[in-house]
Structure formats: C-alpha cells, structure tokens
Amino acid sequence: MVMTNGYEQNENEKVLDILNLNQLEADAKKIIPTGGFGYIVSGSEDEWTLQANRKAFQHRQIVPKALSNIEDPQTDTTVFGLDLKTPIMMAPAAAQGLAHAKGEVDTAKGVAKAGGLMAQSTYSSTSIADTAAGGEGAPQFFQLYMSKDWDFNRSLLDEAKKAGVKAIILTVDATVGGYREADIINHFQFPIPMANLIKFSEGDGEGKGISEIYASAAQKIGPDDVKRIIDYTDLPVIVKGIESPEDALYAIGAGAAGIYVSNHGGRQLNGGPASFDVLESVTKAVNHQVPVIFDSGVRRGSDVFKAIALGADLVGIGRPAIYGLALGGADGVFSVFEHLNNELKIVMQLAGTKTIDDIKHAELLHIQY
Amino acid sequence: MVMTNGYEQNENEKVLDILNLNQLEADAKKIIPTGGFGYIVSGSEDEWTLQANRKAFQHRQIVPKALSNIEDPQTDTTVFGLDLKTPIMMAPAAAQGLAHAKGEVDTAKGVAKAGGLMAQSTYSSTSIADTAAGGEGAPQFFQLYMSKDWDFNRSLLDEAKKAGVKAIILTVDATVGGYREADIINHFQFPIPMANLIKFSEGDGEGKGISEIYASAAQKIGPDDVKRIIDYTDLPVIVKGIESPEDALYAIGAGAAGIYVSNHGGRQLNGGPASFDVLESVTKAVNHQVPVIFDSGVRRGSDVFKAIALGADLVGIGRPAIYGLALGGADGVFSVFEHLNNELKIVMQLAGTKTIDDIKHAELLHIQY
Amino acid sequence: MVMTNGYEQNENEKVLDILNLNQLEADAKKIIPTGGFGYIVSGSEDEWTLQANRKAFQHRQIVPKALSNIEDPQTDTTVFGLDLKTPIMMAPAAAQGLAHAKGEVDTAKGVAKAGGLMAQSTYSSTSIADTAAGGEGAPQFFQLYMSKDWDFNRSLLDEAKKAGVKAIILTVDATVGGYREADIINHFQFPIPMANLIKFSEGDGEGKGISEIYASAAQKIGPDDVKRIIDYTDLPVIVKGIESPEDALYAIGAGAAGIYVSNHGGRQLNGGPASFDVLESVTKAVNHQVPVIFDSGVRRGSDVFKAIALGADLVGIGRPAIYGLALGGADGVFSVFEHLNNELKIVMQLAGTKTIDDIKHAELLHIQY
Amino acid sequence: MVMTNGYEQNENEKVLDILNLNQLEADAKKIIPTGGFGYIVSGSEDEWTLQANRKAFQHRQIVPKALSNIEDPQTDTTVFGLDLKTPIMMAPAAAQGLAHAKGEVDTAKGVAKAGGLMAQSTYSSTSIADTAAGGEGAPQFFQLYMSKDWDFNRSLLDEAKKAGVKAIILTVDATVGGYREADIINHFQFPIPMANLIKFSEGDGEGKGISEIYASAAQKIGPDDVKRIIDYTDLPVIVKGIESPEDALYAIGAGAAGIYVSNHGGRQLNGGPASFDVLESVTKAVNHQVPVIFDSGVRRGSDVFKAIALGADLVGIGRPAIYGLALGGADGVFSVFEHLNNELKIVMQLAGTKTIDDIKHAELLHIQY
C-alpha cells in the first residue's frame, strides 16, 4: 500500500482467478478508496444510460451454429495495420493511479501480455513515455482530450509520436463533463497528479474535480478541429465518442482514420441510447471506409461477439480492466483480457465462427425479451 | 414555523445544495405535514399514469452529437413575446401555502430570480396581486379554473389584468377532481384559505376537500366556453390540460394563444397515457400556429430537452419547485430552477445544441428498453 | 358467524367504506376460511393468465378529452331490452356461500340496489328461485353449466324461466376444470351444498372438489349443443367463455343472443391471453349483431371504460363483489358496485364521454409501457 | 443411500405427489449433493439464455376454444414409426447417476411406464445395454456425442443397434462445453463413471470436469460428419442442437431422419435466443420433410402444447425428469411424465384440440406482455 497525498494506492501484483468480469466490481470496491471507486464505477445523472449499456446486449441474440465445420477458433485480427491476438482492447480510461500505484504502466504491461491494444488517456496517471515503455513494444494508441491551448495539443501529439504510439484517439464527446452524482456525493477531487497535465498552465490535475479538468479542454469541437489535429500529426487519428451516422460522416470527411463508437461508458450524456444500440447505424454509415472501435458496457465474450457482428473491428473494455489492475496489477489486467478472450472463443465455437472475420458475417436475431 | 388553523407551515429561507430533483421529495416529506404532503405528491387511483409520466421519458433517447462546433449553450428563449432566461417555467400549482408560510409569493420571487416564468393558480394560497408583487416585475401568467359563476371569472380575469400578468392559462382538464386516494386516506381538507376564493359565494376553500373545491368550478367546458373567456379578456389565453390533437384544434379554433399539454401531473385521469407520450401528436397538430407548453413528470435536464425536441416551447415543473419552496422558500425555488437549468445546459452541450431553437431540431431515437 | 358442516360463514351486513376494489382482497382474506378464499382468489397453474388479465388494461390508454362540453355523465344503459343504471354487472360466480351465509341472495339484493344486472351460477349456494327473490324484481340472468344429463338441463332452464330470469348465460369454457393449484394445496372440497345440484344424481356438490363437480358437466360442447339449449328455452341465450372470433361466430350461427368474452377470471386455460387483449378481436367479429359482455380482471372504473371502448356492452365483476359480500353482505355488494360506478363516472367526465354510448366511440391509445 | 467415490447417491423409489414441475427443483436440491445438483440445474455464463428459455413461452398464447365439440383428448402419437402414449419424451441428459443410484436404468423404466420415449446420453451413468433393458421393450433412442475417435463412434453405434434402440440422436451443439460457472464454483468433477466411456482411451469420465469430457468429443462437425454417421448406421439419425434454418437444411441435406431443436437447456451458448423463440423458423424450414423434436425450458402442459403448435412432433424434458428420478426413482420419473401429460390434456380440452395432430393446427397469439 502506498499513500499518495492521503490516498491509499494498492500494489497488488498477481494473476487472478476470474469467474466472470461482473464479479470483479465487488472485489475491487473493497480495495479502491471510496472516492476513486465512485469516480470509476459511476455514470452520469441517474445512470439510466449506463444501465442501458448493459441491457442493450440483450436486444440482440447470437444464432448458435452447430454444423459450421470449424474448430479451434482464433481471435487474432489485423486492424490499423497492427497484428493483435485479440479484438479486445483497453479503452482509454483516465487516472488509473486511483486503482493501483503503478497505474497505466501496469495496465500497458498486462494488455501487452494478452496481445491486445493499449490506449492511454490524456488524463493518465503515468506519462505517455512511461506508459509506452510499460507495453514493451506492444502497440499503443494515445487518446487526446483536445485542449484550448494548441501548444499543449501539439506537445502531446509530439510526445505520443516520439513514444512510438501507433495512432491518436481524439475524444470529442467530453466538451463538458457529464453530471456525475457519485463524484459530488464523494466530494471527489483527483488526489494524485495526471502526468501529462504538468504542461497545462492550470497544473497537473491533482486536487481538482472532473469538471475543472474538463474546463481546460476545448468545449467547442467541430470537423475543422478534427481536421486540424489530423493535419498536424502524421499518426492516424481515430475520432472517439461518435454515436450517430452524422458525426461519423463528419469525422470521416475531416480525414479520420477510424471511428470510435462510445458513450463514454454512460458517464457523459444520460438519457442517450445505449452505445450498442446505435452501433449498427454508425457502422452502416461508415460502410467499411475506416475501422470502427466500440466500447461501453462490455462484460462478456458474447458482448464482444455481438459488437463485432454489428460491425466493430475492435471492442474496448474499461472498468473491468481497471478492476483487474486494482486486484492484480499487470497480471490482473492480463487475467481480465485472457478470461474475456476465452469466453469469446467459446462463443465463437458455438456460433460456428472460426475467425474474427467470420463473426462480422454472423447474423444476430432481434427478439424482444 | 407558523401554525395556521392547526397546520404547521415552515418558514425556511435558504439556497439549497441540490444533487437532483428526485432527492428533494424525501427531504420535503419531513417538513410538510402529512395531509399537505399527500395532497402534493399523489396522483389519482393507483397512480399508474403518474408513474407512466416518469417512465415515458425513457421511451425516447437523445442522440449525443459531438462535432457540432458549439460551446456555452444558452437557455434563454422568447415565447409569447416574453424574454426568459430559461424554458423551464413554474406550472400553476394550487395551495402552495401547504408547503411554506409565504406560499406563492416566495415561489414567484424564486422563479423571478431564476429568470423563469411564474404561473399562479386560481387556488393559490396568496392573492393574484400579492403573488404578482412577489415576482418583482418578472413575467407571470394566471391560471383560471373556470367557475360556474361568470361574475367570479370576470372578476379574476380583471384582477389578473390589473396585477400585470401577461397571459391567462385556462385549465380545462379538471371539470371533476381525479380520484386521489391519498387525500381520502388522509381525510385531507385544505387547512389554509385560498386567497382568490374569498369572492366565491361558497367561501375561501379552507376546510374543504379538493372535490368540494372543484364542485364550484364549471364541469361542462367546450370550445364556446374557451371562446367566451377569450372574448372577455384582452390577455392571451392558453388552454391547459390538452392531451389530444382534437382538443388542441378545438382550442385553437376558439382563439387560444397557446396550448398547454399536461395530464395534471397524473392527478386527474388515471389510465390515460403519459403526458410526454402524447406531446408529439399534439405539437404536430398545432403545427407551430401557437406556442406549446408541456408539463407532467419533468425531473431532469434531459426531460426538458426531450420535451422541447418534441415541440414544446416551455416546460413546466410543479412538485419539485414546491419541494424547493418547502425546503428553502424563494431561494429554494431558485435553487431548483438553477439546478435543473444547469442539467439542461450539460445535456445541450453534449447533444450539440447551442440554443433552445437548436433543441427543437434535435432528433430523438425511439428504442425500446 | 354460522358454522355449516364445519365451515365458518360470516354474516356481516353493512355498507363498506371502500378506497378501491383491490384493497378488498386483503380484508376479505381475513374473514373467509382458507379453503374458500383460495377457491375464490386463485387461478389455474402458475396464474400467468390471471395476472395478464390485470396487466392487459395497461396495454391501452384512455385519451383525456377536456373540451367535450359534457357534464354529469350517466352510466345508465339499455342492453338485452333491460334498463340498467350501470353497465357493471355481477358475473356468474359459483358458491358464494363460501363468502357469506346469505350467499347469492345477498349478492342479488346488493346488485339490485345498485341498479345492476345479477347473474346466478348453476353452482350457486342458493337456489334459482331464492336468488331471484333476493333481487326484488331487478333483472337477473341464469348461468348454465350444461350437464350431460339433459333432464337436468331442461329442469334448470324451466326453473330459471319460472323464476323470471331474463336470459340464460351458457358457459362453454369449462368442459374440464382448470388446473387450480390452490385448491390442491388446500385439499379444497365444497363444504356447503349447491342448491341447484340437488337434482343431480351425483348429489348436491357438498364435499366434492371442483374437478368432480365439473365431471358432471358436459365435456363435449359444440355449436349443436348451443343450438339445442336455444331451441329448448324461449329465453335469450348468451354464450360465455368466448375468446376468439371463431367461437363467437359459431355461437351467433347457433342463434346466440349475446357473446360473453371471458377467460373465467384466469381459472381455466393458463397460458392463454388476457381476456381484455382478445376482446377487440371478438367485438369486431360480432360486429354489433348481438350485445357483448366482458369480464376477467376488472378492478377500476378505467377498466370498465376501456372494455366498453373496445366494444363491450356490459362489464362483469366477480371476485371484488364476492369480497364485498363477505365484508358487508348485500350492502357490501352494493358498496362495491357503487364505488366502481363512481370511479367510472369520474373517468367518463375526464374522457369527455357523457353516456355509455359515447364510451363506445372513444379512442384508446396503444402505447407500450 | 449409496456412497460412490465419496458421492452420496440416493435410492428413493416412490410415486410422487406432484403439484407442478417447478416445485420439484427445491425438493431435489435437498437430496442431490451440491456439485451434482449444480451440474444439473445450471446454465452457461449468467444464464440469460436459460432464463429466456422459460420466458419465451410467454411470448405466445394459446387461444381458448370452447365450441370445438371435443372431449377426452388423447395424447398418443406416432413419430418415427413409433406408437407413443405421449408426445413428451425424455431428453438425452448426461450422468443421471448424479441424481439417483440406479441412474438411467430407472429413468428408462419410468419413461416406459408412462408410454414415452427414452433417450440415452453417450455420457450416461449406465451402459447402453443396461439402460435399454431398463425400458423393458419400450422404445429408446441413443444420443451420440461424436468422438474424435471413429472406432469409438462405431463401437457405440454398433452397441446401440445391438441394444435395440430405434434411432440415433447426434448432438452437434457441444463441440465445446458452455461456460458453466456453477461447475467452476463447485470445482465439479464427475464423481461417478460414465459407463459408455470405458472404451475411450482417456478413461471413463470419473474425476473429470465437463470441459475435459467434451475435449474427447469432436470439435469440428460439419454436414460431412453427419453424413458419415448416417452412412455407417442403418438406424435413423436425428441431429440435435439445431437452432437455425440453415443448420436444419444442412442436416436434412446430409440425410438426417429428424431435427432436434434445442439449445441444450441453456447450457451451451449464452446470449443466444430462447429455443422456443427459434422453433418456428426451423419447423418452417423443415417443412414436414422429417419430424422435429424440441426441448429447452419445458415445465408446463401449456409449454408442450405451444411447442407442438409451432411444429414440434415430440417435446423433451430433462431437468424435471431428473428431479423426479432423484425423488422417486423410476416411479418418480413416471410421476413427472404423468403429471405433465395430465396438464397437457387439460390444456388440450380447453383449447379445443382432441389429438396431437389437432394441436399442430392450433393458432397461437403473439401478444406482448
């Protein structure tokens, strides 16, 4: 246990015996301090959209296919020119030092071990370079919250490029923080610094609330801003926080190299649809022009399968991996990825799909329960 | 604390620290006497429609729009020629002395401070003139329950005109009181007088049940009655309690200056639809000929947004504001309006809508959960 | 309290202070012995259809109509040539001596006082003549479970005619008893005789289970049997237990004077639809050729309204009236009818319908909650 | 009570007094050891599909038909050239020694007494010959999990033929075991040997987990494998685990003599539809070319009726019969079949269907509750 500014960071390092990803939350709650846990687990307002994110997977059903003549399904996939062992990626989640003393460095290590893709957040507890080093050569993306300060944006993009990340994820759905009641109830302020914010004129984030943090970010974002980022960096830029065909087309029009469908895990606009329920409308609009990443609510191998069947190329997880980090550090994150990927393999076999590409051609039913 | 006819009226005056509007109910319950609270909180019969009023907002979802190039959303709006800081208005709710010693005078003050629109009820605890004075020049509407006694109607309309209210809201959905079981269980009778009823031959309402009060009102209302009111007053007349295209067209045909969609907060016809679920059918019928006001079930900024997206120009709240009044007097009411308007602003930003007019062009989804 | 064969029959006679009909069940449970109460309250199997009977009313919503220019709604109606003060009728329910020592005699008295229509069951605790006398000249129908013994059928039809009943209700949906688990759990056997069964060779029903009772009834019923009944009696014959357009047409083809839509209060076929959910399909098929009676699940004035709006001419209640009987004898039954009719009047006023005929032209919405 | 490798096998032999099949689970839980009970009762992952299997029967409703002129409904049926007293059959369920010392021998005896069809599992606790002998001449099918070892497959097929079974059920939906969390929580390994596995080079199953057992089975199954089985045996081959029209057509194309619609009781692919909800799509594709068997979730006579109405020729039960076995041995199994068949007869009478063939022409409604 490490005390950082009065916040207890645990230092667990162990492989986890995982029954399922849902079960991790209760265990993680015991070891992450209340404020930090509340920040991680909660959504905005009355969390209707957060809950809808889970329920939505029940809106579609996988057709079991028994005579497909396949065995030993393979989860490896190539996206954005990267060879990955699994379509499951680490979503860019902020401030992982809240869960573990090693923060994103351990997450990167665990994800690398699982053969997945790591995405760093602008608001990471550890720096771009340190996190990148944690992954030991495994591919990483860097997520950018666009700042009002373009020097800062450029600085981060340069640093990301220098650290060897393979793409930029530009988050556009957080021009203001969602109304997160848990943080208000807990009087939550970030107890630990965000390494990348040191260059912000406003400081490193420590001792600030999430709304103050977001206040430094650009509130006004349009296609031109996306284009400006794209023009500056020679890394591919994926636009994250897309929930409509319109925004997807704007982003592609601005030169986006990928579309990231997400409602920020139900942490931003409450009263909006489940992310899974809009996925197909976006992938149809994108129409294979660029890869599509999906996150928000994924907990089961069947969820991953369903998202891919509706057109996602990569499927991100956030909270479950952070719980794995809290409970077991790098090995905990690895355990989470490995478990979820194993669930996915069972589903693939029973659905008669040998490859990730086969999943893309799988039919889902739409029966109402 | 003031004792009025054995009824304890509190006198709180303070700004409230509001987490959300739903949370206010439990706090208000502690300080409003049982009978008064039961009268305020309850609906008719088994409250199916009251509950449907809340559930209905889940029938539609707001599409997050991230690339709309907007910031700093503005909630000011101009309706009925009035410049307002917020589309949220105070619905005309009866007998606010049940919640607070200052009654509607404090409500008017709080609403004025928030830049909203105040509507007085015929059955207000305080008089038209006193309530109007409370608002300190901010716009107010006067709600009329049409009496069988036309002298009384004329007298109220004259008084309202004299007090400077900007429009008349003619309520037509209460020709008989809904079957409200809480009032029966509590043997509820109005413990405090209704100032405007002094001119009624039957007295000032004190010591009467709601059904006796309504018995003084006209039971038979048709387009001709609406027209008669309109012909008498030179104030614009908005017809309240409209839940169908047919009634909306009747009202407009009779010369209504506005349509007020409401099911009386689930207090009248139980077994009818949620007010939100019929809103669009009415606004389509109205087709922008006159402004549309909506109430019944609004608790969240996202609810306000959704109602406007379906065609409402103003969105009323009742119970939450009365709870704010009970807990904090004028400042409590102000806090409620400010909080809800802040929630609305967050939703506007995340939905890519800079103005109230933008909301009117926002798309809602219709996914079943 | 009267002890009959070890079964405690209460003798309450009083006007009831009714909040709503649902509330009566708990009160009645306290004074009706377990076996008798279980027989009355329960449905078949896991009671899915019984519960669906209640939920189904939520499938349709009444449109509030405020500008219909009506007041003082009237519930009187003329059906089968009979002038009634209310469209609410007493459904033919067996063995009301289980609830009260006076049984159907008191029920008839209460219904008569309310101006409603009384239907006697073949399996009444009191005889046709006694029950008829209880109604003091108010109209009654006699329900016939067709026996395998045609002498018995003829005898009952003759007796009914002699007693002055106005029509025969021929029940056709009980050729075998539904699988009622409560009766099995309670080892329920009828503790008190059924007056009309004295002429059965098998005895008067006392000490028998419901399946034994039904065993005396004809299991095989087709249009020809209906016709045979019709040919024998010169009373109009209404066929009860119709849940499909096909059966309605069969019955009309055989000369039925009315169609009675009912699923026997969820006591017969479990896994079938709610009775309310098939009502419209039947009334459309009947197409005003003969009157339609509806029962199963009615507890609220809004339920009565909805059933009439879908084409019912009369709406039956069973269990609530029996609970009223248990709690207050004839006056208790009267109180139940009066309360429900008052709820209906409120709904009529708020829905803008002055007459029962107006309700028939009222629109219902079909919003899913 | 018999102790087998430390596992307590009960030896109850008695006719059961059954209220309904759902009630059996709680009783059986008391006498089957935890690990064995968990193996029997559970489904895969979070059991969403297992629960959907039950809920799905509520998606369709049986139309009561009262004027069909029928009595004394008959459940006998002829399928696959076999005369059966009931369309309810014993699904091929593994390792019934977990429930009772006599295992499948007693099950066969009970099913034979009920006039039903017995299906043995490859993973039976008792051998093909012993189980067949238990049925005392009543028809049995043998279910084959195709092994990677074709000598073994041929050996089982030969043995089945020799034992006089009437058909082979080839299960194709278990090329990998579903992710069954109960077995993991209970560290479940088969405590008792599987008689047919003695010829497996890997041993008799004892002390193995279900995933190890399945590992011996072929993972890769296509139409050619089905054909190879069909070509080898001269018994009719029914393909089990079909949930889509595509797989049904593959199987028929390969020469299948029957299609068995099942999702393995919710034990394999979680996130897939309820088996009942895909039944009609399969029977329509099969189009009467071969008989269709259905299982997964059947607990009520109305469930059996609904499955037949959607095109099933035989309807299997698994868990309830095993609970009957645990509670009463052969007589317990008989009691379960008899009870369910009696429920079916009541439903048949009330739905106006005299024969199993009549059920096939019965209409089901599709109302949403």
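As written, the chains take the letters A, B, C and D, and residue 1 is the first residue of each chain.
Quick note on the criterion: a residue touches a chain if its C-beta (ideal position, glycine included) is under 8 Å from a C-beta of that chain, and two chains touch if they have at least 3 such contacts.
In this text, all values refer to a predicted model and were calculated from it rather than measured experimentally.
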Same or different: do the copies subunit A and subunit B touch each other through matching residue numbers, with over half of them shared? different
Longest centre-to-centre distance from subunit A, chain (CA-based): C
When centres are defined as mean Cα positions, the distance from subunit B to subunit D in whole Å is 60
How many angstrom between the C-alpha centroids of subunit C and subunit B? 43
Please set out, as single numbers or ranges, the residues of subunit A touching at least two other chains. 368
Line, ring, star, complete or other: which one describes how these chains touch? ring
Pairs of chains satisfying the touch condition: A-B, A-D, B-C, C-D
What residues of subunit A sit close enough to touch subunit B in their complex? 45-46, 48, 52, 55-56, 172-173, 175-179, 181, 184-185, 219-226, 239, 241-244, 246-247, 250-251, 263, 268-274, 277-278, 368
Help me check something: in the complex, which residues belonging to subunit B touch subunit A? 19-20, 22, 57-58, 61-72, 300-303, 305-306, 343, 346-347, 349-351, 365, 367-369
